[in-house]
Amino acid sequence: MAARTGSNNAAFVANWAARMAWLVFAGYFLYAASHLELTPARFLSGLDHAGKFLARLFPPDFHRWELLAKGMLESLQIAVLASTLGVLIAAPLALFAARNLMPAWATWPARAAMVLCRSFHPVIVAILFVKAVGFGALAGILALTVASVGFLGKLMTEAIEEISLKQVEAVRATGAPFISLVTYAVVPQVFSRFVGFVSYETDANLRNSTMVGIVGAGGIGGTLFAAFQRFDYDFVCAIVLTIIALIVMGEVLTMRIKKAFRV
Amino acid sequence: MTSARLWQRFTPAERMARFTVYFAVVAAIAASLQTVQVIPEFISDAPEQMADMLRRMWPVAWGFYPEGVHEPLLDSLHIATLGTVFAVLMAVPVAFLAAKNVTPFAWVNYTAKVILVSARSVNTLIWALFFVAVFGPGALAGTLAIAFHSIGFTGKLLGEALEESNRGSIEALQAAGAPWLAVALKGYWPQVRPAFWGIVLFRWDINVRESAVLGFVGAGGVGMALDTALNLFQWERAAMILIAIFAVVLAAEVATTQLRKRIL
Amino acid sequence: MQPAATALQIRGLTKEYVPGKPVLSGIDLEFAPRGITAVIGPSGTGKSTLIRCINRLVEPTSGEVMFEGRDLVKLKRGELRAARRRIGMVFQEYNLVERLSVMENLLCGRLGYVSPFKAWLRRYPQRDIERAFDLLETVGLAAYAHARADSLSGGQRQRVGIARAMMQEPRLLLADEPTSSLDPKTSVEIMALMQTLSGMHAFPVIINIHNVELARRFADRVVGMTGGRVVFDGSPDAITEEHLKTIYGGEDWLE
């Protein structure tokens, strides 16, 4: 917020509104905390347990590394395929949703579809797909594709709606067919931003793919959940460390690819 | 006759680079397609199965809301909000430590960044598994799960906002001999404040979504009701819960958009 | 087929953005197959609308635009695109695709002639490539073929814009205030370039311009508009101060 210079009156009023808001919020905080039974006492008694738990986590146990690798590989596959399908669906959908290029009968359904895709947590979507198409990677791929379409679609549409229409007008005046219009006047303006979006979404899919297995949609999540239920906490630690390593590598890789394409 | 003049869009070096990237991407996709264990019949069956599921969800069990949905739904909201608050409280100091211009010690920056990366690499659901194992099932586990996962994003974005802040006012304060806390409050805080609230709102919005699923691992909220309904094949009730979640998520998005306009 | 004594015929062209307030009121104009026609008039008088109604970047409310034996106003999408291929347009703000190279911008002129797939792959017939290089030399930008469009100066960008229009092998060239974003010296260069090209080719050039001096100097015919109507149509030498007063209103600016 820009600094308010000038009369004391303005600053005074804002302060009270903000203070009231803080007061209300503090009240809410205390109410909600007690409602959920988040008492400090409970937390403290849990800390002791936490200490024991941490001890059981370390050292991490990698001797079942084949199971670990299999799970991680499946997660990777889910992430790659979901990102690919997501881009393939989201890009044309985003074009249809762009209000500066398309008429209302195209933009409304497209936007509605994207909002629907975004509304549910990937895990919920994964559960629904598991119920529909059975356990395994297919449910995971479909679920993350839906999530990607929702997320990518929104960002891509916003990017398309920000382009300069002058360039579009000029290409239109040459009598170019619609696809060529998109390739020459729209794509150059949004391509580098799209690369950024897709790389972010791929990272997100990688993170999500480690989780959908918890509800049976394939990947390392299933292995992790099973380990938890068996109280095999050393293995849990190994899995989590591997997940962190994979995601960090993924982020580094996408940064490199982004740099390569900005050239 | 002069020889034909050629035009190529990319230099040979660029073409090599682009080809390598395309090749790698296609190879990754092909490899995944080859090896992923998906039974073809399942794919062809999928649309019909999904249609069947949707049919079973109709008519929606509206009456189920007051007894089975309302309380857990509010619980999820509380979990999301309190979790976000805790996350922010923990993230602010870490963000300050991670920002190069605030804390000039490289190894401190590095450690802080590692903490942030680890926090966000572990999904909320996985954090929830941890906390359920430690504190037992219930909302405490859920709130902590949300909090610990959110530190990663909040801290990262906040750190980036800090690193982008203007040196000028900071230097002025330091030159005047202000203690570190004063520099933080009067130098950095005013600059990152809009970004800060934007980040908090953004994270809260996402956490509202996340809190709905924590119940699947026993960490409280409406997820448990959904889990039960699905396991007992009570599709109409499941539909009611899904609609309720959708409504809350939509309301949260509207609320954050409105708040954003007011504050920013 | 009768020989084209008139390459372009506009009859009764009317445009109302707001019903009841016409920006163009029944314009009747004919254009010979050669020569530059400058359209002058104050801002908001519909000059730009007139130009854009010809290739239907703005949809006319009523009237006819006869070009190559067809009424452009009545054409459907596919036929309109085919007609637009034959009409080149130069814009006030150049409207180049900034992130593409000069060469790619030129090749945009051929998009109406090349399949979308080949266009995407940048596979153009060698003939088009040769023509592009030739045009670059004609407009004096031979060294800039691979430069990105946004690295060029205003005058250079307008030359690319003109070359792009020429790539279409047009039967009609429209220019909407091509010099308004350029400094005086560059404006003269651009007008001279258009004059050279007009002399080399047999198509009419219609330039929308607000600089009367440039119009007088480079055009073969001047059309003066005011209030959405044509109030002068003749040789540049025939423009008197009386005419300019009618068109632009008021004497002060003539001092």
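Observations on the structure shown:
Going by the order they are written in, the chains are A, B and C; count residues from 1 in each one.
By definition in this document, a contact is a pair of C-beta atoms (placed from the backbone, for glycine too) under 8 Å apart; a residue touches a chain by one contact, two chains touch by 3 or more.
Only a predicted model underlies this, so the values are computations on that prediction, with no experimental measurement involved.
Innermost chain of the displayed assembly, by C-alpha centre distance to the whole-protein C-alpha centre, is A. When chain centres are defined as mean Cα coordinates, C lies farthest from chain B. Across A-B and A-C, it is A-B that has more C-beta pairs touching. In this assembly, the C-alpha centroid of chain B lies 52 Å from the C-alpha centroid of chain C. Look at where the CA atoms of chain A average out and do the same for chain B: the two points lie 6 Å apart. For this pair, chain A with chain C, the centres built from the Cα atoms lie 48 Å apart. Touching of two or more other chains is recorded for residues 104 of chain C. Taken in their complex, chain B has these residues touching chain C: 4-7, 9. If you check the complex, the residues on chain C that touch chain A are 55, 57, 80-89, 91, 93, 95-100, 104, 108-112, 114, 116, 119-120, 161, 164, 168.
Residue ranges of chain A in contact with chain B, taken from their complex: 1, 3, 28-29, 32-33, 35-38, 42-43, 46, 49-50, 53, 73-74, 76-78, 80-81, 84, 119-121, 123-124, 127-129, 131-134, 136-138, 141-142, 207-208, 210-211, 214-215, 221, 224-225, 228, 233, 240, 243-244, 247-248, 251, 257, 260-261, 263. Interface residues of chain A, counted against chain C in their complex, comprise 164, 166-167, 169-177, 179-181, 183-185, 188-189, 191. For chain C in complex with chain B, the residues that touch the partner chain are 101, 103-104, 122, 126, 129-130, 132-133, 145.
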